[in-house]
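Letters A, B and C mark the chains as written, and numbering starts fresh at 1 in each.
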Amino acid sequence: MNLNLSPDELASLCQAQARRGSCPIPVTGIAALTEAAPGDLSFLGNARYKGEVLGSLASVILVPPDYKGAPGPDQELLVVPNPSAALALICARMEQALWPRPVPGIHPSAVVAPGAQIAASATIGPLCVLEAGADVGEGVHLQAQVFVGRSARVGEESWLSPGVIIAAECKVGRRVRLHPGVVVGADGFGYEFVQGRHAKVPQVGRVEIGDDVEIGAHTTLDRARFGATTIGAGTKIDNLVQIAHNVRIGRHCILCAQTGVSGSTVIEDYVVLGGQAGVAGHLRLGKGAKVGGGAAVTTDLEAGVFVNGSPAIPLMLERRIAVLKQRLPDLFRRVDTLEQQLAREKELPPAAAPANIRGNDRLPAQDPLG
Amino acid sequence: MNLNLSPDELASLCQAQARRGSCPIPVTGIAALTEAAPGDLSFLGNARYKGEVLGSLASVILVPPDYKGAPGPDQELLVVPNPSAALALICARMEQALWPRPVPGIHPSAVVAPGAQIAASATIGPLCVLEAGADVGEGVHLQAQVFVGRSARVGEESWLSPGVIIAAECKVGRRVRLHPGVVVGADGFGYEFVQGRHAKVPQVGRVEIGDDVEIGAHTTLDRARFGATTIGAGTKIDNLVQIAHNVRIGRHCILCAQTGVSGSTVIEDYVVLGGQAGVAGHLRLGKGAKVGGGAAVTTDLEAGVFVNGSPAIPLMLERRIAVLKQRLPDLFRRVDTLEQQLAREKELPPAAAPANIRGNDRLPAQDPLG
Amino acid sequence: MNLNLSPDELASLCQAQARRGSCPIPVTGIAALTEAAPGDLSFLGNARYKGEVLGSLASVILVPPDYKGAPGPDQELLVVPNPSAALALICARMEQALWPRPVPGIHPSAVVAPGAQIAASATIGPLCVLEAGADVGEGVHLQAQVFVGRSARVGEESWLSPGVIIAAECKVGRRVRLHPGVVVGADGFGYEFVQGRHAKVPQVGRVEIGDDVEIGAHTTLDRARFGATTIGAGTKIDNLVQIAHNVRIGRHCILCAQTGVSGSTVIEDYVVLGGQAGVAGHLRLGKGAKVGGGAAVTTDLEAGVFVNGSPAIPLMLERRIAVLKQRLPDLFRRVDTLEQQLAREKELPPAAAPANIRGNDRLPAQDPLG
């Protein structure tokens, strides 16, 4: 989304307390201080970067009251109480322009089965499919090519992007935002091994998504074996995340991209999972626990802990071990030396160290440390 | 899917041998013993949980013949030979209600090219696209918004969920179930580096999926460079899995969510890959090999082995090393002590341990172990 | 794609210098020397496999001028200057047959908003949606069920497979190929934690994809917070990859399947990321850096380095440590022995090694090494 705002409009929008310098052109973009070009708006969000204001090519810069520098030529400084908050105001304005409120109604190309319920203020975009018993609340926007299955429910003011799929009987709360390709309610992955084959265990539960949840592109949430896979209110899930059957995620959690949560695990409120983390099945992660990116959680976690690594252990221990691991070549050499010293002294052969396990036979030939 | 069955209907459906107590309300859900509320059905599937029956709030509980406890108030115990099998019967009934058999025919909004073949008993749902030469067998159900490309084939009784994409010339077997967004036959990832650019290697093969395969949401299977990428009969693949070009997967394998298999690797029958596992290219995984979650397989595997870790090594060794890794801080201290003892004794400086590689300079300042 | 070419047609197509033997049947497939059956074409692409030509069942084999062996019965050897290049010629011919040039025009089932711009030579396939201001260049092919949002642009000769989604205001270059389900321009994952909730940070930037880029199935690219997430010309991205907001990827990079790049990271030209690799946010990966499969990059990388492991360190060190890690059980035993020797000598107890941290209490009981 490009801006197109005059410095006067900007000053008014972010309620500037004072203006220094003057910019002759409209502002059409936003960029960091060091990356901005003429026509861009920038901002001093953190005193640490004060030195970057002076050389910035931005046409307009939001600065805090205690910034005393002078503007460059054709540059205007807008003094605001909180530059980050002022920028957020401008971005919120841009967001409204980027995603304008759609006109309510059902696009003629949508396929709505008899018995689907659509609130009067909802917008059903082109080429959506609503099966019988689908129930779409007031103010909902199904953008395009969305599928809502039999007896599924989408709560008030929710926004489903193109390609979202809500399978039969699943429930989506209010003000939920689902990005392109989110799949809600595919079958859980459950089989019994019978006579040399994997026999399917029926997956007859559903998924329930709380209010104010946001879920990223192509994330998949499996329906429960029975009962429900649940996502608590206010939780935010990134792209390409996998939530298995019967998982229960609390309120206000953060799951970064490409994480995976295995079946029946319970994640309490305010838990944070870093990108590509994996959580084994049937575990409980206590309130506010934090898991580093790529970590593999294989045990229950106490509330508030921060773990990392694979398998995940407390962060400080994991970091210390990561450092020590890099010193292993030296440690092996030190033990070699100790054994040689002791052997010389005692004229004893080193006790438990046969030659073949010291060799470098499994290292590539070009290893400079070999 | 909610149940709505009277205790009498339940007793008849699971052929109860005896009934104890009486429940005045219909059963509308299923839940574990400790989580059940009035109106729920529960079951004692494992003698270990016998103690949980007594306090359970479930209205009806399936118990084995050797369970002797009394029902609670307004609670009925149904005695069945095998509670898990009885539950499976009930779930299978629910599954039929959740996914009713569709009426055969082609939805008027589907776009079927001249020259596509559709069997009389197949159901082509709304907004599907079938290109010329697409061939859809008897009893197939394309639920909605499915794409079947030129000369692709979908075998008898297969079920393709919304958003599934079968690219040109790919073959899907019989009784296959593809969950939402499965992509069959995207190009393999092959380039030659020529004069500073990556030149595309044409990917003109196909994907062939055997009978009774099930594949999870948003899993991607790439077409072969030439010949076929193949998935053997009875194999089950979870969500968000990546199968690269020319991979050959045997029969009755299990691939958990977010695993990735690189090009040309051969996976023999009955192999199990845990979630987020990765397998390098051009390998062979022997029959029945098991790979732990998150493991990275970089070598061929013998039949029947169980490996874990990154790179993957035999499970028992990997577990032992995981434990020893956590003792590294102590081991470094022990070697420090040994060197000091020997140095005191001999009045020699420790041989191969310069100060800078013992320091904690790379540890965070707040490290309590520093 | 199956071939159906006579040996004469093949000889002409790859400009054979000489022909030895004779094959009576048309060629209908391509396979490696050891896997070929009658009817297949094969090739000797690497002198290493010379020994495999003799026993191959292929009907026609492309061989280099210095291959002197005789053909088998009903087998023809075509002598060409470069068998791999000759095979590429044949595959390119097959690729044209697999993906024939579509007829320009707009399918009547596509939903094109007033104000969308479509070049005369573009093909808009069935059930595509183009919002107002969408701009599709000459020779573009939107295969089917593609979504192009408001004011988004698709450059000349690009090909978007079924289910591709281009969100509002994003830009796709020329000759770009997007495989099924690629999502361009979902919101970045940005929140501020305010009063116990995650408040959304508006994501009002866009995605810009350069010329000659290819992106695999279900890969997701997030729009920038402001400004643009950018993919440089000639870069190739595999399936199920996650590119976060404000990432900047250079030219001619390779990102293998299931990799993830966190927000604001800069990846310079010619970088290669192995499958399932993860890159933390706000980093810079120097030109031509290489990252092994599954590696976790947590620091900036110098140009040209090759790193591996989690956290990623230089490859040679990582390999050496991987080997030493497997020798940890032995190292612990050696240190035990040293301590015992020294204690016997001095009649001193081992200094810093309390019994409980040597025990095997955390190992599984069945550990044969315990």
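What we mean here is this: a residue touches a chain if its C-beta (ideal position, glycine included) is under 8 Å from a C-beta of that chain, and two chains touch if they have at least 3 such contacts.
What you are looking at is a predicted structure, and each value in this text was computed from that prediction instead of being measured.
Between chain A and chain C, two chains of identical sequence, the interface residue sets overlap only in part, with shared numbers making up under half of the total. Bringing chain A onto chain B by least-squares fit of CA atoms involves turning it by 120°, to the nearest 5.
Separation between the centroids of chain A and chain C, computed from CA atoms only, is 22 Å. Counting only residues that touch two or more partner chains, chain B has 109, 127, 145, 163, 181, 218, 240, 258, 276, 310, 325, 331, 335, 338, 342. Across the interface of their complex, chain A is touched by residues 109, 111, 127, 129, 131, 145, 147, 149, 163, 165, 167-169, 181, 183, 186-187, 189, 191, 196-198, 200-206, 218, 220, 222, 225-227, 240, 242, 244, 258, 260, 262, 276, 278, 280, 296, 310-311, 313, 316-317, 319-321, 323-325, 327, 330-331, 333-338, 341-342, 345 of chain C.
Listing the residues of chain A that touch chain C in their complex gives 1, 29-31, 35, 88, 91-92, 94-95, 98-99, 107, 109, 125-127, 144-145, 161-163, 177, 179-181, 212, 214, 216-218, 234, 236, 238-240, 252, 254, 256-258, 275-276, 293-294, 310, 322, 325-326, 328-329, 331-332, 335, 338-339, 342, 346, 348, 350-353, 357, 360, 362-364, 366-370.
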